[in-house]
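A short worksheet on the structure shown next.
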């Protein structure tokens, strides 16, 4: 995400004095709530979804993830790279290629 | 997110031939599932969470969001800015300052 | 659910002195968390699920719903019948038959 | 739940010819979606929730759980008792009393 987009999200929160609502737990709830509004786009029909709705709900999830990164002073690239290192170790290419099994069932 | 981090996520998927599992609906389910592993960090105690767990679960949500952006050819900054424009209109500063009410109850 | 099953759930909680963790908010989080463990049974393949896993995760959701009914002194039949009356009014048979549209898009 | 309430739920579905939408996966998504509408009642304030909203959203979760029991021909008492037996074994009273630790951290 570009710095100006990150700044816009931060300004939106601070302009409204909403930092006080952004406890990590409240943000975790919010990410789940928005993730389920996204899921609702695919509730009964997984093929014929409304792309405008998907765009909006996915954006909501992403914004709350950014709020949580900010709240906890986390660096997005750092936590993602740390997790990708774990994922790469848990899912060796030769064992997991083309298979959707969970790592403990490979 | 830096381009090299995005590339690493993409390579992880393509190395394992997992694009075929990444339907938009499956990714929506995955975002919700990971969001709830994040929520589990705050299930019974919202103050004393394990930051390492939070980092990992938040990273999982972010990675699946990136997968969905890729799958649908969406630009993260574009969809976030479009949504922020809506949010700014729905939550005027003077009406929403310091309040957590939903826009339809302001 | 039979009264003896309800009693068993209640005894499980009280034997462990866990009522103190069962705030309505914590139970709402728990229902969502367990609902997503259920959803995980269908994450990548919606046809070939493990029925034993589905049984267990669905039971977990049901148990937390019972905990919340108890916590809030709600009668299951009463709240379900109240909601069914609303659903029946929102989804008239002639308009909704065979269609999965949300009530505001009928 | 009383048999007449169960029958009312079944009639609601069959009157609308909605069994065709009730795949186990779609019902799992629906349980998660409704669980998160319930969670939304506690998103920013866990103490001052709207009880009418909580009643309705909890009822929605319960109705979809009933739909899934029906779809998979599961007996609610049987699956709950089977799970309670596991829970009782995983959380011995002497080790778990008064503690919210997960079983693998007792």
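Letters A, B, C and D mark the chains in the order given here, with residues in each chain numbered from 1 onward.
The criterion applied here is as follows: a contact is a pair of C-beta atoms (placed from the backbone, for glycine too) under 8 Å apart; a residue touches a chain by one contact, two chains touch by 3 or more.
Note that the structure is a prediction, hence the values are computed from the model and not measured.
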Original post:
Between C-D, A-D or A-C, which repeats the contact pattern of B-C in over half of its pairs?
Top reply: A-D
**OP:** Enter the angle, 0 to 180° in steps of 5, of the rotation superposing CA atoms of chain C on those of chain D.
**Re:** 180
Original post:
If you tally contacting C-beta pairs, which pair wins, B-D or A-B?
Top reply: A-B
Subject >> Inter-chain centre distance, chain A versus chain B - centres from mean C-alpha coordinates, in Å >> reply: 2
Subject >> Distance from chain D to chain A - Cα centre to Cα centre, in angstrom >> reply: 25
Original post:
Of all the residues in chain A, which ones touch at least 2 other chains?
Top reply: 21, 29, 32, 35-36, 39, 42-44, 100
Subject >> chain A-facing residues of chain B, complex >> reply: 1-2, 5, 8-9, 12, 15-18, 20-21, 23-25, 28-29, 31-32, 35-36, 38-39, 41-42, 46, 49, 51, 54-56, 58-63, 65, 68-69, 72, 74, 76-77, 79-84, 86-88, 91, 93, 96-98, 100
Subject >> chain C partner contacts - residues on chain B that touch it in the complex >> reply: 21, 26, 29-30, 32-33, 35-37, 39-40, 42-44
Original post:
Given the complex with chain C, which residues does chain A contribute to the contact?
Top reply: 29, 32, 43-45, 100
